[in-house]
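What follows is a pair of complexes built around subunit A, which joins subunit B in one and subunit C in the other.
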Partner chain A sequence: MAIEDDVLVIGGGLAGTTAALAAAASAKDARVRLVTYKQSTLRHASGLIDILGYAPGDDANAPLVDPFDALEDLPEGHPYERVGSQAVRDALAFFDDIAGDAYAGGHTDANALVPTHGGTVKPTARYPVSTAEGLASDPRETLLVGFETLPDFDAPLAASHLEAAGAPFEARGVTLSFPGIVRDDAKVTRYAHLLDHDETVSTGSGETGARTALVTAVESYLEDEPRVGFPAVLGDEHADEVRNVLSDELGVDVFEIPMGPPSLPGMRLEERLYDALEDAGVRVTSGVPVVEYETADGDDDRGWRIDHVVVDRHGAEIPHRGDQYVLATGGLVGKGIESDREQVSEPIFNCHVPHAEDRYDWFVDDAFGEQPFAAFGLVPDRELRPLDPNGEPEFENLRAAGSVLGGYDYAAEKSGAGVSLATGYVAGTRAGEEATR
Partner chain B sequence: MADDTEVLVLGGGSTGCGIARDLAMRGLEVTLLERGTLTDGTTGRMHGLLHSGGRYAVSDQASATECIEENEILRDVASHCVEETSGLFVQRPEDPDEYFQEKLEGCRDCGIPARVLSGREAREVEPYLADDVSRAIEVPDGAVDPFRLCVANALDAQNHGARIETHAEVIDLLREGDDIYGVTVRHESGPGKRTHDTPGTTEEITAEYVVNATGAWAGQIGAMADLDVAVRPSKGVMTIMNVRQVDTVINRCRPKGDADIIVPHETTAILGTTDEEVSDPDDYPEEQWEVDQMIDTLSELVPILEEARTIRSFWGVRPLYEPPGTGTTDPTDITRDFFLLDHAERDGVSGMTSIVGGKFTTYRAMAEEISNHVCAKLGVSASCATAEEPLPGSENIEALEAGMDQFGLRSPVARRSTQRLGSRAQEVLETNEANPVICQCEGVTRAEVCDAIEQSGSDLNAVRIRTRASMGNCQGGFCCQNMANELHPTYDEATVRAALDELFQERWKGERHALWGEQLSQAMLNYALHATTMNRDQDPADASTGFDYARFDGGA
Partner chain C sequence: MSNAEQPSDEQPGNDEFEPIQVFPEAEEMDLRPGADDCYKCSTCDTNCPVAKVDDEFPGPKFQGPEQWRLKRQDDHDIDDSVMKCSNCMRCDSACPSEVPLSQMHNTARGEYVEENMSKFSREYVRNRMLANYRSLAPLASMFPRTANFVMGLSITQWLGEKTLGITSERELPEFATETFREWWAKRGGAQVESEDKRIAYFHGCYSNYNTPEVAKALVRVYEHFGYEIVVPEQSCSGTPMFANGMLEDARRAAETNVRELAAAIEDGADVIASCSSCSMSLRQEYPELFDFEGTEDVASNTWDAIEYLRVHEDLRAELEGTSVGEEYDDFAYHAPCHSRNQGLDGQTIAVLDAIDGIDAHDVGDSCSGISGTYGWKEENYETSMKIGEEMFEHMENSNAETGLTECPTCSMQMGHGTGYEIKHTLEVLEAALVGADSDGVEPKRKEE
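Let's look at the complex of A and B:
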């Protein structure tokens, strides 16, 4: 006997969790389940919520001030064009509700420019509060602090890079040793843990808590800068508290620079989303792959329906049946889209993925050129149902969301989180409505 | 007027660096010029096989004999560059028995230790060999790091007073009447170590004697003095796997054919190769079918290759040469022997000898012979010591292995670092500074990266070949940035940015030929990290015009 739900969401990243939350919100008594396999790619992500930083095809190198201005002009088939700009706004409002006071940026339609760990700046629509004091359009002088055991972020270099990028403030960088880090290759979670729990550490002047030790280390380098930026290792579970303590004791505003994987801001966002799923009564089954599906003849002429999928739980094959399905398994990185030497495919439902026959047409020679592979993914209709090569829905009760969708290059546009939110929101809402109709 | 140098060696591959070291050790004043990074041409584009000679034991026994002699010498003087993997010539049912027998006898004729293994015994050595491999001949093939070996030669030449100039392109030969007396060189960023974004200069360097060791490019150098050096560049593809499916070198035991060798190399295995004549060593097609052929054909020997992850492919050009009039049509039939073209004897133009043909395993012997020739020309009587004197890094490996844990590194990292550095490990790794891992895939620490930067300036590809940083699974996606960070503050921000961009694009170049499956997923992740998380594709610092920060969200 199958496990029965109204809406079954496959995939536990930003798109999947948003879809599950939207389904639960749109149909109050619907049973919603989310199944995930591997760790979500949120831990690879900066934790910033980009909507659109650059208009596709625009080589002017100028970031968009207002992403909503550009939404109307996107090419047909772009996921934003599919759902419409109002849905993008609705999805963002939905996210703002979930994120609560953990994210900022909702006071304006304008993009923010957030310094990156490479020292450049990046346009984004919403940012974790931990990065809020560091915005590059804020003209206050800045001290950047790096740590000699964290080679990903070189603070003096990042400060010079910001200057080269024309940021409207003086930035200075220093490199310190992080109190309490004894191994040169400690993981970033170790840094966060030291601060979260204010562990006792040895310093030149005796034993003290890690937070105070860090304050002492930074203090002597601080000149008149009213704000200090650190790589994003300032706590995990108690990040706000850590930041506030550092801020109070240093007497300046403290912010974080988002980092590459594993990214604490990404993991904190993931935590928040899973808390929201629990609050919304969504059932979550994690660590299990969906390995196959069964169809049933449709009860009308709208095509095939998925009857149930089969989930592999430690070798046992367990059928899960939903009325409606949302596929949010990610793109090439998340393995929602796969490839071999001959072709590109979607592994669970074998939905149509347009791609050139010759794999040498999947890429261009400039690493940052317009890469065709970056846009690999499913082609959806306006309901976000994946379409087959003839433009017909693959299944009547399957929708897709996030980077499993194709037709856009989130890396170039800086639109990854926004597309996940907007399509997750629309797919989840429609699925909830259909399931309880 | 005195010459700037006694001998000018053109070409910073294994041959050129070997000659420079040999001559410098004999007390000559040497200047070496290389157009790109050391190993940039053919040397850095080989499969890393240290021949036992088995490969030539039927077709070319003189080469085979030379290979086994040099193989034994290099194990000794370059031990930190060599992994003694041993090798197998494996026979499939369709491969001729007669050839197998000829191969075995040929090895024995040439003094190459060889023994026959049954199919089952061969699979005990290499469990992934195909079930239908019927038998194999075991020979002392090895794996060699051509980068490390070449750099060690250059370093030692430098230790003996040589001047080594990389990113220095010869743009003209200086010739007066029938005498070549030097070159005009264009330094990409001024003489000395390379620094990105520094304007170049040109320089005339005069020498008593010039050695043209530019391999596949020897014809182009010759043409600068109207000399005809008819090298026949032949391209070959190599495909790198992300793990070592085999720990010994696997050769196919048949007369000849493309895609017949797998060489385990550090953390990877390298599949090779093809052999196809090209007209221009700098511009030839790199084709998909060549990569597919490697995988499809070698899967007949090691079936799991069919499903395995490749991380990149690259092509190299052999500097094949045969004396005029031989008229061989198939490049696979052209001898791998080397030729010393004394242009005084051959063309009546004095002052220069070109060296063409040859192969990596015998680079030292070639260097010795050319150095003898040059010494004879200059009336120098010093003798060659390169067969006895260990290269820097290989002086005292045993003592080092005993003390491997002393550098405060996790042991796998320490093991990798000390293997790469050999006896230089202590000098490089003993530091009071924090020494985090910069490249996770290859276990390369900051101390090693900084040591390489000291040797090579802001050229991150030169750092790469010295350390292997950015050569693992992620192909630099995670570590390019960290490598570049280490250039600062010695180099300024703009220099660091240019160096990073160059390395990132170079890593992408080879990865393009591996874009399916896991590696396509990795490529998308790398792209996303650099473009999304760091916004490096739209870096405002690279923009021609600034933008108005004040129009963006400045906070609530």
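Let's look at the complex of A and C:
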């Protein structure tokens, strides 16, 4: 017997979780399951939700003020062009519901400018509330605090970069030692845990809770800046509480600066999405990959259907059947698209991935140029069904979402999370509708 | 692979504390391609429950690929922090790049114990005792009441801590007055015979010596579905031995298990385990570390008890409309790390949903913190409780007063941290399908 569901989503990143939630929302009594192998790229991502930061092909490289303006001009085949700009808005509204008070930015169409750990500013559509007091458009003076044991954030350098980049405020950076951390390679989860649980740490003046110890350490450096920015390690489970306590005790606004991987804001978002899946009654199977599929009658006419997929559980092959399938296995990083020296491919369904015959055409010499390989991925129709080389849907009941899709370069455009949300939302909604029709 | 080593005959005492020789394969195993796959994304580190609470633990990325590389360069000793790893295997299933982290930890631990730990040290003796609980248990179960009494004495616990480094904070598990195997023999073995539905039950040590009610529940549930059950000879699964770097002990145990289980498979049975660490060990660690004849066969024919029913029976339909007694209405469920790694974390809640009146609530994805023998060691007790804190909080915030899990040591930790009574999912299925108080000897039923 197979494990039976109405909608089966493959891949548990931002695209897959959004698709599963959208399927559950569009079809109230549908049984929805999400199968995912490893953890998603959300653990590395900043937790910012970018829609479109830069227009593709724009050499002037000026950050976009209003991403929705630019959506209308995207080339044919771009995932946003496929789903249409109304779907992008609907997807954002759907996200805002899930994120609740954990995210800000919904009051305007315009991009917000969030300072990054390198001291640049990043145009983004939605940002975690923990970063809200730090926006670069806010003219208040700023103290940035870095830690000796966290070399990825050099506060004095970031402060001077911000000023050089034309931020409308004065910024100053200091580097301290984080109370309770001795290892110079301590994990970000260790910092967060110390603050979450207010663990007792020893300081020069005896034993105190980690939160108070941190406040004491920062206090003496604070001049009259009304806000203080820390690298994003301020708690995990109880991040709001930690930030509020630091804010109260320092008497200033406290914010977080998104960090490179691994990233706590990304992990917190992941946590929130998985809680939402539980609330929505979506069944989650994780830690095991989908490895292959079977069609209903094995005939390969056009418009054929997937009957079931096979999940490999440490050697035991377990069939999982759905009426509708969503493929959200990620791009080259998430392992949804594979490449070897000969070819680029999609490993589960072997869907068509267009790419130049010659490997040397996959790259351009300019390392910072727009790389063809960055846009490798499946080509979908407007229903998000992957298309074969003849432009016909590969399968009647398969849709794809997120970075497994091609036709966009998320790193250059700053559109990663937005594309995952919009395509996940559309693929999930359509799958849910179809499964219960 | 050599056949020179014969499995020892399990007698406690005859091979207990002699120095061991770590088998050569572990060290020769070529893990370089695995190490080279690491692109230093640190996903493993963010999943490590020990690194989160213990500033002295460098984390899986160091423990695995980095240490492996260091080792290859010159005669670097294995860092002693490897003994702080709890073998939860979370890093393993987190790594997006298929780096075989737990295999690296297991081999590093084996090498560390062999080369850097004195065989006469208190730590070695203690670890070997904990790892070989299986060979002490028969003694205790011969005189369970005395054993329970003696181990419950505070002076014994104090001695345990002072002389052996076993924490006195925990209550040692009680031994059952009748082991599962004794019960099985007394009832005359299988009550159902079937040509085509046959399972070999790997009960493991804990449900044999300490919680035979779990093993009995498995028997009744499977017989309810018409399965013939065989209970092959078996040794410890090896999990506590891997975790303590006692690879030679694990190898001996694994050899017995593979031989017996492969024979059962040959006779048409699938292997079923009721403990998630046992199934993990047979499925993943054996093929990673050993290559006896039949290892792969055993791995790919081993199943978790509930998973198997879901795939081979219409479990949902069978449970639809059943209900259980009052004492089983609310559960705080904790998915053990070793079932999480097998993709089984969502399963229990989904299955119990079909039973009327049960409200099973998942207490979240944190590790329980005890990790087998880990939390028994005096030096790890505090870390273990810090890791568990999140789970305790979630359990206490749920409405339930009863805990539920499939791992015997997680169950100890859940009970220890909250005072709740803890059940195994099979016991709930038994109550729903057969009735909780059915006594062991049911009428013989034949498959037609």
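Here are a few things to note about the model shown:
The rule is short, and it goes like this: the second predicted complex is superposed on the first by the 431 of 437 C-alpha atoms of A that agree within 3 Å, B and C clash if a C-alpha of one lies under 4 Å from a C-alpha of the other, contacts with A are read in each partner's own complex, and residues count from 1 in each chain.
Keep this in mind: a contact is a pair of C-beta atoms (placed from the backbone, for glycine too) under 8 Å apart; a residue touches a chain by one contact, two chains touch by 3 or more.
Computed from a predicted model, the values in this text were never measured in an experiment.
Using the contact criterion defined above for the overlaid structures, shared-chain residue A:Val188 touches subunit C, although it does not reach subunit B. Within the superposed three-chain model, A:Glu76 lies out of touch with both subunit B and subunit C [touch as defined at top]. Touch criterion met: A:Val284 reaches subunit C, while subunit B stays clear of it.
Of the two partner chains placed by the overlay, neither subunit B nor subunit C lies in contact with A:Glu223.
For subunit A, the partner with contacts to more residues, out of subunit B and subunit C, is B.
By the touch criterion defined above, A:Glu207 lies against neither subunit B nor subunit C after alignment on the C-alpha atoms of chain A. Look at A:Asp101: by the touch rule set out above, it reaches neither subunit B nor subunit C.
In the superposition on chain A, A:Asp29 makes contact with neither subunit B nor subunit C. Comparing the two complexes, residues 44, 185, 261, 333, 335 of subunit A contact subunit B in one case and subunit C in the other.
On the side of subunit A, the complex with subunit B involves touching residues 44-46, 50, 53-54, 61-63, 65, 104-105, 107-108, 110-113, 116-123, 132-133, 135-139, 148-154, 156-157, 160-161, 163-168, 177, 184-185, 258-261, 263, 331-333, 335, 338-341, 358-360, 362-363, 365-368, 371, 373-374, 410-412, 414, 416. Residues 288, 292, 295, 408-410, 413, 433-438, 445-446, 478, 481-482, 485-486, 488-489, 492-494, 496-497, 504-505, 508-509, 512, 515-517, 520-521, 523-525, 527-547, 549-556 of subunit B are the ones that touch subunit A when the two sit in their complex. Listing the residues of subunit A that touch subunit C in their complex gives 1-3, 35, 38-39, 43-44, 180-183, 185-190, 192-193, 197, 237, 261-262, 267, 274, 278, 283-288, 311, 313-316, 318-319, 333-335.
Of all the residues in subunit C, the ones that touch subunit A in their complex are 41-43, 45-48, 51-53, 55-56, 58-59, 62, 93-96, 283-284, 287, 296, 299-303, 307, 310-314, 340-347, 350, 362, 365, 386, 389-390.
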